[in-house]
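Two complexes are shown next, each including chain A; its partner changes from chain B in the first to chain C in the second.
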Partner chain A sequence: MRSWAGNLSGSSLIHPQRTSIHPGERSDCRKIAGQVGLAGSQFATQYIKSQNGKPHFYEKPVVESFEEAPLHVMVFTYMGYGIGTLFGYLRDFLRNSGIEKCNAAVEREEQKDFVPLYQNFENFYTRNIYMRIRDNWNRPICSAPGALFDVMERVSDDYNWTFRFTGRIIKDVINMGSYNFLGLAVRYDESMRTVKDVLEEYGVGVASTRHEMGTLNKHKELEDLVAQFLNVEAAMVFGMGFATNSMNIPALVGKGCLILSDELNHASLVLGARLSGATIRIFKHNNMQSLEKLLRDAVIYGQPRTRRAWKKILIMVEGVYSMEGSIVNLPQIVALKKKYKAYLYIDEAHSIGSVGPTGRGVVEFFGMDPQDVDVFMGTFTKSFGAAGGYIAGRKEFHSQGAPRMSRSSPADSAEEQDLVDYLRVHSHSAVYATSMSPPIAEQIIRSMKFIMGLDGTTEGLKRVQQLAKNTRYFRQRLNEMGFIIYGNEESPVVPLLLYMPGKVAAFARHLLNRKIGVVVVGFPATPLAEARARFCISAAHTREMLDTVLEALDEMGDLLHLKYSRNKKSARPELYDETSFELDD
Partner chain B sequence: MDFRRVKDYFSWLYYQYQIISCCAVLEPWEQSMFNTILLTIFAMVVYTAYVFIPIHIRLAWEFFSKICGIHSTLSS
Partner chain C sequence: MATAAEQWVLVEMVQALYEAPAYHLILEGILILWIIRLLFSKTYKLQERSDLTVKEKEELIEEWQPEPLVPPISKDHPALNYNIVSGPPSHSIVVNGKECINFASFNFLGLLDNPRVKAAALASLKKYGVGTCGPRGFYGTFDVHLDLEDRLAKFMKTEEAIIYSYGFATIASAIPAYSKRGDIVFVDRAACFAIQKGLQASRSNIKLFEHNDMADLERLLKEQEIEDQKNPRKARVTRRFIVVEGLYMNTGTICPLPELVQLKYKYKARIFLEESLSFGVLGEHGRGVTEHFGINIDDIDLISANMENALASIGGFCCGRSFVIDHQRLSGQGYCFSASLPPLLAAAAIEALNIMEENPGITFEPRKSDCRLH
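== the complex of A and B ==
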């Protein structure tokens, strides 16, 4: 076994755990190079080889970068926010003293002596800065969110306090914002015939919860299919992705347990963790030293006052982080979890269906064994064109030594339950929430069979590969142009950094004028100084659409001066890879 | 033709100034107010520099030359 080199010097604690080593086999070879060397940017290059020596599909370096902006950009960003704040104070003064009419929310006259409701920074920011650029969000659309869609045109007469629709529709806008990774969110066509049949037979509403009369045979079929797709024992599906996280984490952990969650986890995970009542500790984003330190402290010192051992330690990460585009460092997390005997909960909302050679998620992307992850969670919203979420993992107890996920007290009956069966009984969502609607379940069944190839064609696999090709092309071109892009090279979520609030508004408006729809994100979803535009690549985007978008982005980059990157990659790498040059005579 | 390019360049610079300082998202009267204040401050800085910097430089030159002048008279 070889200890990890490079940035883990000083902590010789992580060894990749392997159950058996055969004599002629290639050993694990993981190098992390150049993590600290490059000034101003952080690159992590890993060479991933599979654990049993067989050649893995992705035997090439995996690069993740989070480049820092030049100093003048940060200065200008804070200056812009400062000017916005000054004008915000001025306008607040005018509104409070009655010179100007106030359109924002205010307390009633009788409540003026109570604790103020709207004076904190979030409300100040909303009233004064967000309102001025509000027309870039909540844009209503009036068609299916495919690769091209229609946007309703709306204008504002009073600087974004109220909007009105002009009645016109902007047709055929290129969609770079919807989570449509495999292009399955389209209008009705003949391949969706089974959905129509299910709609005719079962109707739309279920009118019950899973515990009462809401479990249909469609749900059973879907759950078996999900388990087969992920290569696990069993799965359970729920009607809503957010509720899957927030309602099931409280059923798995409780007081006396420890949750180690990544800095940038989604709100549903944070809500579920808080509702459970367990102790929550946060580790830095994708940072294995931080996680290891927390694990060691947890195992050594135990619970805060009583020093008892924690009942359960749960590590919560996501497969692909939607605001950064980074992919979780799964091999190292699994190694840590096995060493310190913790459980792993992985939220594959964005990575299921879009990452990995056949679209099975991050576990397949890294070539790892699904048995290593305890709880798989994912949603059907992003790649399958439907709604809902699932939790998958072990079904039942198999042997005496297997660790148990459930919170039930140790019983010696033969019916000890493990993850999925336990959730069927104890999940809040199963007891109180309506189960998934049958046409949606059928849409997921259809999409999953399409991706797995069970419908007899290879179209699904082609789409997954097309998505990977589109992702690589788009990211490579953006890097060549000189924009700052966050995230892993293989992730289909591409955040492009804009930094200044004025540029955020100008970017979104200009692109809509050119019939390209993008999503821009600012505070509070991102840190204050790192506003960004987030592109979601889809397999339905053709090369021409991507070229149109890239051309428009090139012009936007020149117009708004957005090309801050200092690590521009050349468009012709073969020229500087040459070891000898021959001059033409 | 060159004038047009120069004019384009300056209008691009003005646009950059507007989006960096959030003037592009402010209402027109706020923009005028901000521009007026900024131009006033800039004018005052230019006036101060024009009137006072030569005098200060002359005084500093005399001060240092007196010190260096004392050295040279002692040595000769």
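== the complex of A and C ==
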């Protein structure tokens, strides 16, 4: 069975089709046809074997939208920041001249003549704008971060410089902020008994690195299970997701290599790329033309100035981007990668367990072959309710373009390369950092078995499907209401655009009063003018909870005038998508 | 002369033309012709971009072969035949099926299999589950974390403490939060790998001094002082840091902290102390190298340690004055962009800290056995 992506190796640039755009609007809806119609060439729908053995083909068109806000909104947003800045200067002046008491911590008397630790302007934004609305972040909770959680009430007597806890707890707040996609982060129940047993037997800490005494049999078990889950040959686990990226990318690429990284990659990927010493070039978010241009220039012209060929080219993307809610355009990237012989590193922190029919990530979502991706990376924090990260891939694989060696001939075994074995030897984490804690490893084993159905029930699969249902429902209702939502229709991360800094604070505070916990994000995690609220849908959310939230959002939208979208869908969208109508008997 | 220039008439100009000397006219004529030529000639670039044809480009793309993603590894590399530990990694450990005495783990206070620690972790597991599902800024802050930070700050007698979810990431995120491009960091040659990565991420100027050699450090500081006098404006904005470890992982020696503090005030550099191995081991109550030498803890700007050695948990913390530590809450990469420490690990650390406070004698044990070995 040929993978259909292989057909594209000889073709020219692949253009995403554009849907029809309403006049007077500058929205950017992209319809990425998954099967046929790419660049006008005719393909038969290919059957591709998926992980659980049943053939499945990718047929639904993928819709992503990043609508632009009306002009007046942008004007007011910048004005808001401008006024905040002016007041910031005023307050700084008052504080410096002693008219206003300064609540911030100050340097020690003995060290006043040292070079100042912080430049004044570095902290300008923090002091003057962030400090005003600081109560919307770092909210402490005191229960498991499930679908409902308890938030500790805190108040500030001095305009957010210090907080004090009143002692009251706001109970049963609906949790729309934590990354709990499959609802596995719950307080202890009998199904977690194995975790309790492992904790009692092994203790909590490990106190050693992987190369020394830190490789427990639990780690081996977990690594085998991860490899089975992703349908790859081998995997290696690490104690922290952030550190997985920052410590393994330098082991894979070095000076003389090229990294092509998406604009909106996570800080850990950026840090890993910087620490590796390779040259980094950035392509526009999910934009295949930009990526292709960079690839062509890299292969044709080589390294700058010396014109030597690059040693290797690594494309770094994420499965689901957490701030945009978009899903990577995997089929086209794989096609480009095969044509230009680059390597693909995909960070599935948000997509593992949450997209795909059985929760195996973006590769399953697009119905592609896991052999096409060179390095799978992911974290266990989001869908598995634990902590840590993994890197998985082929145990042995062949460099791009070289003829496939048969496994049977022993003379060729020297040519095969082992990704995971290489990382076991050379990863910075394996040599210098502690390995994963045993009860956490057991929790991951338990939840992975649950999702895969190895515990004997179909509960795991039901949860994945429930998540997909919840996602679709939530996004559809928000679109109907007229909010601007970014991202892919199927992604469980839903950013709702707020734009103005004042609205950001009002939104979060009002919703907490109604016992709904949301996450709002502003600069510098997002562009300055695009502050947003980010909802993370969970399989543990019931329809009632989602309806409560949607009702509250509807009211907030009217109160704060947040319904900026210009293409309100009809209130009865099911009439569009249905192709067959079932008649009542 | 202005009025005379205004009154120039065409006739007079033509007359001037006739009366001009011949060489002058010829020169002007040549110049005019040259200008016209330049105006109409094609522009040329100094660096010819190779104008490859499309066919040549396709050929180049076909021909290029990258290196393999990873080079081949010999199958009998020792790291591939790792020792598998079955069962708890405590003082007596089962490696590859054989039971051995454990001299390899950093389990200094023997708290890895302490029943109280396990009970505390279990209680936390029952209440909170395992994971925190979010970074500290987005509902990942649990009351356990706030408790642990409080306790650590009180134990170390500093104003504030901040917790990271991984020991390696602690110092590797703390250094780049303060030291940026253009700042100067004086670091010991035997510094551990995490410090090296932190320094690399910070892009500052690194100056290495010989291991535990204060004379060498003073020499470097003096040189820097001379540099500063040449350019006082730049010196006023260049921050200086000295990064040392309490107990060096690579050599096992203790840093000479009193001399360092003297140098700090003399040359106006800030000290970052990495106490992963000395926390819980040195000092009367286990507070580390500052207690060991009897130095006021406020003299050290930042103390960073990981909880994976003495506290038998996972994670790390930094402590110091609020002025210094608070900055990391927004600019420590491993803090802001990573999920928070699972509560059961935090509860285990709190209980281990309780045990340390209740029996301060526990910290003498490793030193006694150390003397016997030596």
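Throughout what follows, the second predicted complex is superposed on the first by the 475 of 585 C-alpha atoms of A that agree within 3 Å, B and C clash if a C-alpha of one lies under 4 Å from a C-alpha of the other, contacts with A are read in each partner's own complex, and residues count from 1 in each chain.
In this text, contacts are C-beta pairs under 8 Å (C-beta built on N, C-alpha and C of every residue); 3 or more make two chains touch, one makes a residue touch a chain.
Predicted model, so just to flag it, every value in this text is computed and none were measured.
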Checklist entry - Since both structures carry chain A, what do chain B and chain C do when superposed there: clash or fit? => result fit
Next on the checklist: By the touch definition at the top of the document, which applies to A:87: first (chain B), second (chain C), both, or neither?
Outcome noted: first
Checklist entry - Which partner does A:162 contact after superposing on A: first (chain B), second (chain C), both, neither? => result neither
Checklist entry - Which partner does A:97 contact after superposing on A: first (chain B), second (chain C), both, neither? => result neither
Item to check | chain C versus chain B, contacts on chain A by residue | outcome: C
Next on the checklist: For A:175 in the superposed arrangement: first (chain B), second (chain C), both or neither?
Outcome noted: second
Checklist entry - Once the two complexes are overlaid, how big is the angle at chain A between chain B and chain C (Cα centres, nearest 10°)? => result 100
Next on the checklist: Looking at A:306, would you say it contacts chain B, chain C, both, or neither? Reply first, second, both or neither.
Outcome noted: neither
Checklist outcome for this item: The superposition places the nearest Cα atoms of chain B and chain C at a distance, in Å, of 20
Checklist entry - Which residues of chain A are in contact with chain B in one complex and with chain C in the other? => result none
Checklist entry - Inside the complex, what are the residues of chain A that reach chain B? => result 76, 79-80, 83-84, 87, 90, 132-133, 159, 500-503, 505-506, 559-561
Checklist outcome for this item: Touching chain A in the complex, chain C uses residues 52, 57, 60-61, 64-73, 77, 79-80, 82-90, 93, 95, 102, 104-107, 111-114, 117-118, 121-122, 125-134, 136-143, 145-146, 165-169, 172, 178, 192-194, 197, 200-201, 235-240, 265, 268-270, 298, 306, 308-309, 311-314, 321-324, 326-327, 329-330, 333-334, 336-339, 341-342, 344-345, 348
Next on the checklist: Can you tell me which positions in chain B touch chain A when the two form their complex?
Outcome noted: 12, 15-16, 18-27, 30, 34
Checklist entry - In the complex formed with chain C, which residues of chain A make contact? => result 105-108, 110-111, 113-119, 126, 130, 137-146, 149, 151-152, 175, 177-180, 184-188, 192, 195-196, 199-208, 210-217, 220, 239-243, 246-247, 252, 266-268, 271, 274-275, 296, 299-300, 309-314, 339-343, 374-375, 379-382, 384-387, 397-402, 414-419, 421-425, 428-434, 437, 439-440, 443, 517, 519
